[in-house]
Every structure is written in structure tokens, then in C-alpha cells.
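Dumping the structure here so I can ask a few things about it.
Naming follows writing order (A, B, C and D), and every chain is counted from residue 1.
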Amino acid sequence: MKLIKKQIPLAIVFFFGVLTLASYYVPHKVSVDFMEMMNKWENIVSAFAFFLGLISLFYSHYHKISRKADGWGYSLFVYIGFFAMVVPAILCHGKLMGAAGQTALGWSFSFMYNPLSATMFAVLAFYIVSTAYRSFRIKSLQAFVLFMAAFLLILGKVPLGQIIWDSVLGWTGAGVDQVIEWIMGVPAVAGKRGIMIGIAIGAIVTSFKIIFGIERQYMGKD
Amino acid sequence: MIKNKFGFALILLVFAATNAFSALSGQNKKQIPAELPPVTDLAVIDMPYDVGGTALLKWNVRPTDTTDVIYKIYVSSMETGGWIKADEFPADARTGKDIDLPFWAWEVSAHEHAVKVELNNFYGEAQATGALFHFKVTAVKNNISCDSQVVSAKTVSNWFRLDRVNNLVLLIVIIIIFFWAVSHAKRKGLFIRRIAGLDAIDEAIGRATEMGKPIYYVPGIGGMSSISTIASAFILGEVSKKVAQYDSQIKVPHYDPIVMTVCKEVVKQAFLEAGRPDSYREDINQFISQDQFSYAASVDGMISREKPAAVFFMGYFMAESLLMAEVGATTGAIQIAGTDSEGQLPFFFTACDYTLIGEELYAAGAYLSKEPMLLSALKVQDFGKLLVMVSVFFGIILVVIGAKLHWDPFVQGILNLFKAY
Amino acid sequence: MSETWMIAGAWIAAGLTVFLFSFLYKDNPFFKIAEHLYLGAGMGWWFQVYVYNILGPKVWTPLVNHDWMVLIPAILGLSLVTQFVPKISWVSRYGFTFLMGYGSGLAIPAGLSTDFISQIGGTIRPLSMMASMTPWAIFNSLLVAFGVICVLFYFFFSVEHKGHFKKVSNIGVYFLMIYFGAAFGNTVMARFSLLYGRFDDLYTFSASKYLYATQIILAGMIIYFAIHGLMNRGKKQAEAVN
Amino acid sequence: MLKEKLQKFFKIDRRWIFLLLAVVLFAPIIKPIGLPNKTISRDVQHAFDYIDKLPAGSFVLFSLDYDPATRPELHPQAVAMVRHAFKKNLRVGVVTYIAGSTGLIGQIFATVPAEYKKVNGSDYVIFPYMANAVAVMTQMASDFYGIYDKDQDGRDARTLPVMQGIKNYKNIAMIVSITGTSMLDYWVAYVGDKFSVPVVGGVTAISQPGYGPYLQTGQLKGLIGGMKGAAEYESLIKEPGKGTSGIDSLNLAHLLVLALILTSNIILLIIKYL
């Protein structure tokens, strides 16, 4: 039992991990085809994983409705939203555009899904302002550096900011766009690169731990 | 689609054949001038280190190679005729220097023309590798043209990317160090520096217990194979252990169903280890949505309704980072974030009380658990960083010296070493 | 698409937009409706994407054409669903482990080449053109290299940050601060453009062509909040009197 | 006393900030203010000049590949460039490789052609959405109608008056690619360079700096970046529109943020040192 519960799964990790890794160094057609197949397989397996989520979601809201838990009425809207996307999709086979223009799915997409996601995304504009108001307070030298970088970037992005810069600091001879370019191209790159290199090393080491079966928390305990 | 492609190739073929024919007839009429001799040393080889389908033509640079001379390259799959024009370029271009391969895999030479011919552009992928192809080069100057001899070759699929050997060597070095560190992991007492955000975890959980409010742990939108999610699951284990000890409440809203099943196990185990299996509830882990912004909208709603005392954001995040962190900040929760998506770090950093920056998130598991295996993996990471620092430092010194003394091949060699092919 | 559908669409889009924005004022039933609808719609959208883009062409079609290879990933995928049956949930490990192995095998060389070797190369490369560089450009290149080393020092875990180490890692923190500030400021404009786009849509829907969708919905929301506020105040007063 | 008041202001209900931002962004949509827009950037000027000097009747291919997410920045660019083309009596063809942009293209051509009395089929043509952009781009090189044999309304493309004399890229005067994806890179690499067709681009403000190298080498004849680029183009064709009102909004909103963070710091100083 231990074999099929533990050792074979660990062997699977090792097998696919090493082959995928090796294919990076092997240009042969065999390795190219293998990677193509793996990409496809990964796609398929994660598509099934989606159903895991879908079932959980349906179950938990069904539960709420059947128990008449607090705010169970809202859970009905989960189903309404789901079918408002899926029924049109079935009717027009997942196509957004047909010969006669927008299909029913296209309609659902552009008048439901898109306004919802675009609005949620746009809410960020409000939050970015309130966060800026709260956090860009100069309480230390580090905070001052953070503040200056953000301030200059915000100022220099719009024409009005450029005009303000020119009238106040025009005598320095440096345009605000040059200053921005310098910040983005020199010190910010150094900061970002440091983070990226650190992350890359961490990711490589963790990946080794997974391939060699040292890290196996994801399998759960037995 | 395939039909179209074929048609396209056919048209090209006809077009090129007529072209070649006219070139040939032109050549018959006129005398070949002395200043434009035909290419005599044409050679063709298979393009090394590739999947196949590409041939490499080489011939020496000649004194007559000026800008007004044009080289045309023809390819054919037939014994006679069927020439297709594959490429055309002025004679002072395309030398061995332009082939993008490192010095250990390719002899860089400016005295040699080197031209890649990608056969699958003309013959389709199935035919391009393995079949025999014929090549010739025509030099053209002021409507006068002359052909080289015809050379033939097959292209093959190669088995090793010699150009990626720098990558491979690095990989092997890291593997060796990795195993050395892991096999010496039993040693106790490895030092690890303080990580500010993690010290605050206790404080946050304590406060939540005092206030009798729940704790939210948001594991982000990464899949289980993303490293930050793995780190996050580990931290979740430690956090829920403490939550169980303090008898506080925790909620974990999920984006990815697989991550959810893993986290369920992790939390259950943590409650067990803390000796409180009775307080474990199945609804600690909740699936929310696999759509980025509807996940954010829902978590926002939950946070603003339940007003948790502490919120943890650990894992992989995208634009929703600020959407959630700002709502958490308004409800007055202590917020501790950690992510390796560098684009979102600024937002967590400004909106949260403590932020684990990039690699600190990975180190958090080791820091909290003090498990020798994890600590020794951390040593490998530190070694990697040391390697980078040393390489940058000496790389710069060598490159500067080389550039000052105009040792071009030396400088190029160093740059080759640090280039991904 | 007929006129009626366009108008209906405008009303729904404007309504959902205003409902989600209303959360900025405070949580309310309309937001909750939009939130739950979005949950369902989001999952519905991805459901059809998976069905029509993956399961259909990549699983169903090959099976119909007797390409049995796709059974392997399909079974691996199906194994994940055993998660719902605790007794046999270990079967799902087969699916997990495939995903994990593939993911980490991909991550290692990619991390090595793009984030490791290329980043070192990118730091060194500019200086190879020393001869044609201005002193300012040389200074900048050296500054980047210096910054990278300092930031990496900050991430060093196995030494305590004391003395000189502390100084160096502190300098690293300043580079991080500049990056954070710059990245924050750089994003502001993109976010504002998005919001402008939403407002522009709302403005479009406020036309008579769409029967003043935006105005009416907005007015409705304001009236709701006003009445709700008044009632709450009334409640509080009543409580105070009691 | 003052300190207490300031303390209060410090912790101001953020909903006031939200309201301010909403007003500042929304007001210019209703009534564009026309705040001073400094100079016209070089790349926008080049793009304008290039179209402006095309002889009347030239065929310009618009590749409009943006979805609702990047619409605020890119839609005004597309509208301005289409207007310019109509103004100069150029023939306009529209292609797209992103399914989400078909609706947005419809929006442009529902209103703009009428202003210039242009007729679908004889002055402009819209082709249906195609997947797999690179393959389509390569195939268009030999025969345009091999891919696009019908226009969006199902009419035979060959017989349309607007397509008179158009067979492949040789007959196309220029390509305008407005996109938030890497479609512009494809146009440059697979069409512009290979078949020497001039390419002009329109991109979001965030991806704009990445195109510097293409501009330097002349692979791109001009580039419009973000809302600012759209506003500049609108001022060049003297037709203020969404780009102009958009940049007004952005100007004010950015100033608002700056004012807010400055105020909060000034208050901090006063509380600390007074």
C-alpha cells in the first residue's frame, strides 16, 4: 500500500521533473515533441482541477441555501451568474462572434463579465490614492526615498506635471522625463534585479526539493 | 490551413524558379567580369545544436565583397532545377560574428560568411529534416551575376545544446551543493537572521485572540507548483498551529482548488500537532473563485463584513494585491504580507504593516520551523547569492580591464559566459 | 444584435458597475448581489473556456479519433476529483505529482537562464563598451552593479546583520525603496486610465439612447443610501430613548 | 487646538478622497477643459506626418487589436487615426486578431465614417476576426484574398470598390497597428521588415518605452503612446476627443494625488515641530 500511496507518486514527480528539466538541454525533435505533449497534458489536468473548484463552490452555496444560512438569498445569484454565462456559451458553442456579429455569449461577456471585472480592476485607482495618502509620509530617511521616487514618477507622467517641473526646476537643465528615465533605468533596476535574483535562487532550490522528494507537504500527511 | 501554406510555398517556388531562370539566362549572355568571381569555397553543414530543419552555409569573405555586391542564396530539394531563393543580403554582412553562439560552441570569425537557411519556411516541417537539399550562392553586381558550385547536405535533429553548457554547469554545481547541504542537515544550530515580519505573527494572533475576532490567511492566486504557494502553505501550517494553541479563529479563502485541498491537510495537521483536533472545522478553508477579480471582490466583502483582527497575505499575487490589502487596512487589521511577485511588492509594502520581500517569504518556513532540512536549503540559497555577487564583482573588473586594453575576444568571452542561449 | 438587447445590456452593465463601486461608500445588498453574481459569472466564463478550448479540442476530439494517449492526462485529471472522497483521496496524488514534477522541471532551467545568468550578464554587459561611454554612463552602470550587490546582501540569511554587514544591507534597503516608490508611481497612470474607461462607459450609458441608465441607477443608489441612513438614525434614536 | 484639527484631517474618512477622485476624473468627460498639453512628442509627430503625406486614395491597413481592458488608452488613438485617414481621403481596411476588439471596432465605424460621408465597401472595409495572427500575416504576403475573401458582412472582398488593385502588401501604403499585446512586434518582424511595408504603432503608456529600439532603427515609422499620445494626435488633426478629455482627467487626477501626499506630509511636519 505504501508503494502505491507514496513511492509511485514520488517517482512520478521525479520522472516528469527530470525529463522536463533535461529537455531544456536537448534540442532533438523527440524532446520538442515531448515538451509539446507535456504542455498539452498539463493543460488537460489543470482543466480537470477547475472542476474541483466548481464543485466546491456549488456545494458550499447549495449548503448555504439549503440551511437558509445568513444571506442565503445572495447565494442564488452565484447560480444565476454561472448560468448567464454557460447557457449562451452552449447555445453558440463558445464563440464570442458569429457571422451576424456578437453572439449571445458575446453579449454576456461584454455586458456582464467585462463590466464586472473591469470595474473591480478600476477600483484600484481609488485604493492607490488612499494608500498613497496614508503611506507616503516621511517618517524616516527610507520613507523619504520611497516618497521621492513615487512623487517624481507621478509628477512626470502627465503633461501638467512636466510643465510644473519646468517652471519650478527648469533651471536645472534636466527635464522630468530624463529624471524618471534615470530612476527607472538605474537605481530601480538595481533594486528589482536584486529581488529577482534572490527569488530565482529560492525557486531553483525549492524545485530541487520537490523533484527529489524532500519537499512533499503538498501530498498531505499519511 | 495546411492547404494555404502549401499554396503559398508553391507560389514562392514558381516565383523563385523564374527568378533563378532569368538569372541563369542573364549569366549565359554576359561574360563574367574578372572583379566578380564566383564563390568557390562554399560549404554546407547542418546547423549545430538545433532541432533540425536549418542548414548553415559557409564561405570565406572575399576582397570583392563590397556593399554593391549582393549575395543570393538558393535552395532546392531536387537534383536539377527547382531553385527557391532563400535569402538575399549585401556582401559585407552576415559573417561568423552574426551567429549568436558562445565561444565554446562556435568559432567566431569575421573572415567567413555564415548564413542560416531555415528550410521549414520553404518545405514544411516534415520534409525539412532528414531529406537531402542542394544549395548555391549567387553573387550579383550591377545586373551581372555568377553562381557558385552546388553543395548538398541533410539537416539533422541534434541531441545536445552545447551553447547552454554554462547553464548546465551552473545547474550541476547547485545540485552538488544542494546535496552536500542536505546531507549535512542534521547539524543543529544553523544561524538565521531575524525577519521582522515573522516576529509580528505572534503579536497579530495574540491580538486577534484578545479581540475575539478571526484571522484571515489569504494564500494568493498561485497554483500549487508555484514556489510562493508552497512557502505559503508552510507558513499557514505554523500560523494555524499558533491559532490552535491560542484557541483563536482562522479563515483561509482559496483561489485554486488544488491549493485548497493541500491547505486543508496542512491546517488539520497543525491543529492535531497543537493538540486541538476538536477545534478543527472543515470550513476553515473555503473555495471562493478561480477568477482573479471575483476572488478579490469576494474576499473584500468578507473582510469588510467580518472585520478580522489580522490578515496575512502570503503567496503569489497580481493586481488584486492592493484591492485586498487596502480593504484590510481600512478595517484596522494588522496586516502581514509576503510575496515573490516583484510587481506587487510596492503595494503590499505601502498598505501592510509588515512585508516579506521576495526571498524572505521562502525563508519564512525555515525561520518559523527551525527544521534543519529547511535551514540547510537556505544555506544553498545564500551560496547562490554569494556566487552572483562574486561573479558580478569580478566580471565587472575583468570586463573593464578587457575593454580598456581592447581585448575584444576576452570581453566577448566573459559576456558569453553570462548569457542565456 | 437588436436595439432592445443593446439597451438591456447597457442597463445591466451600468447597474453592475455602479453596484460594485458602491462598495467604496459602504457594504450594501446591491454590492453583495453584484459580488455573488460575479462569483458565478467568473466561474461560468472559465467553465466555458475550459470546455470549449481544452476539453473539447484536446480531449474529446482526439478520443473520437481514437487517439488514446489523451486518456493518460484525462485519468490523471480525474484522479484529482477523488479529493471529495476522503477514503480514496490519496489517488489524487497521482494528478498532483504530475503537475508538481512538470512545474518544477520547467522552473529550474528557466530560473537559471532568465533570472540568474541573464541578470548577471545584464549587470556586466554595459561596461563592455567602456571605450565609448561617458563618465556618467559608467557611473550609472557601476551604480546598478553596486545596488544589486547591496540588495543581495540584504537577503543574506546566514549572517547576522551587524556592523559593516548592516551598513551594506541598509544601502540595499534604499535601492529597494527607490524601486518600490518608482514602481508604485509608475502604475498610478495605468490605474487611472482604467477608472477613466469605466467612467467613460457610464457616461455613454447615460445617453437618452440607453434611456438614461446611469442617471437612474445612480439616483436609485443615492435614494437607497439616504433612506437606509435615515432609518438607521431613527433606530439609534429609538434605542437611545429606550 | 489646531493640532487636534489637523490630527482629525490626518485620519480623514477616505471616502472623501474617493469622491474627490471621482469628480476629478469624471468632470472632464462631460466638459473637456483643454489643459495646456505641452509639446507634441517626436514619435507622434512622425506618425502624423507619415499619414499626412500619403497621396489620396492610398490603402491603409488598420490592425486594431485591443480589448476592453486597454480600451481607455487605445480607443482614442484608433479613432483619431481613422479620422485622419478619412480626412486625407485614404482608403481604410481593418483587420483584427483579438476576438474582444470586434465590438470596439464596430463602435468606431458606427459613427466616424458618417462624419466624413464615407461609405462601407467603397471607402472602407472591415474584415472579420482571424485567429493565429502570424500565420495570417505571412499568408497575406502572397494573396490578400486567400485569407480575407469576404468582408465582415459576407460580401465578396474582391469586388468591393475599396479593394480595387489591392493584391498583397505591395499595394498597401502603410500598416497601423494599435494594440495592447505583442501584435505590433509581429507586424514589425513578420511584415514590416520582410516586405518593407511602413508600420506605425499605437500602444499603452506602460509598454511604450519598450519600442524605443524599433523607432531608432526606423522599423517603426512612428508611435503613439497612451492617452497622452492620443491627445497629441487629436490636437494635430484638430479634432479634440476622448484622448484630450482623457489626458485632462489624468492631469487633474495626478495633481490630486500629489496634492494629497504633500498635504499629509505638511500636516505631519506641523504636528511634529509646532
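The rule is simple: a residue touches a chain if its C-beta (ideal position, glycine included) is under 8 Å from a C-beta of that chain, and two chains touch if they have at least 3 such contacts.
From a predicted model like this one, the values you see are computed outputs, not experimental measurements.
The greatest centre-to-centre distance from chain D, using averaged C-alpha positions, is reached by B.
Across the two interfaces under comparison, A-B and A-D, the one joined by more C-beta contacts turns out to be A-B. Computed centre separation for the pair chain A/chain B is 17 angstrom, with centres defined by C-alpha atoms. Centre-to-centre spacing of chain A and chain D amounts to 26 Å, using the average Cα coordinate of each chain.
Inter-chain spacing, taken between the CA centroids of chain B and chain D, is 31 Å. Inter-chain spacing, taken between the CA centroids of chain B and chain C, is 20 Å. Shown for chain C are the residues that touch two or more other chains, namely 20, 23-24, 32, 34-35, 38-39, 41-43, 45-46, 80, 83, 89, 96, 99-100, 102-104, 107-109, 112, 114, 116, 119-120, 123, 145, 148, 152, 155, 176, 179-181, 183-184, 186-189, 192, 194-195, 197. Multi-chain contact residues, meaning those touching two or more other chains, occur in chain A at positions 24-25, 46, 49-50, 52-53, 57, 101-102, 109-110, 114, 116-118, 120-121, 123-126, 128, 130, 132, 134, 136, 146-147, 150-151, 154, 157-158, 184, 192, 195-199, 201, 203-204, 206-208, 210, 218, 220. Of all residues in chain D, those touching 2 or more other chains are 14, 18, 21-22, 25, 68-69, 205, 250, 253-254, 257, listed in ascending order. Taken in their complex, chain C has these residues touching chain A: 1, 5, 8-10, 12-14, 16-17, 20-21, 23-24, 32-56, 58-59, 69-70, 72-74, 76-78, 80-81, 83-84, 89-90, 93-112, 114-116, 119-120, 122-123, 140, 143-148, 150-152, 154-155, 172-189, 191-192, 194-195, 197-198, 201.
By the touch criterion stated above, chain D contacts chain A in their complex at residues 14, 17-18, 21-22, 25, 35-38, 68-69, 99-100, 102-103, 106, 128-129, 154, 205, 209, 228, 247, 250-258, 260-261, 264-265, 268. Residues of chain C touching chain D in their complex: 24-25, 186, 188-190, 192-197, 199-200, 203. The part of chain A that touches chain D in the complex is made up of residues 96-97, 99, 101-102, 106, 109-110, 114, 118, 121, 125-126, 129-130, 132-134, 136-139, 147, 150-151, 154-155, 157-163, 184. Within the complex, the chain D residues that touch chain C are 15, 18, 21-22, 25-26, 29-30, 68-69, 71-73, 204-206, 226-227, 242, 246, 249-250, 253-254, 257.
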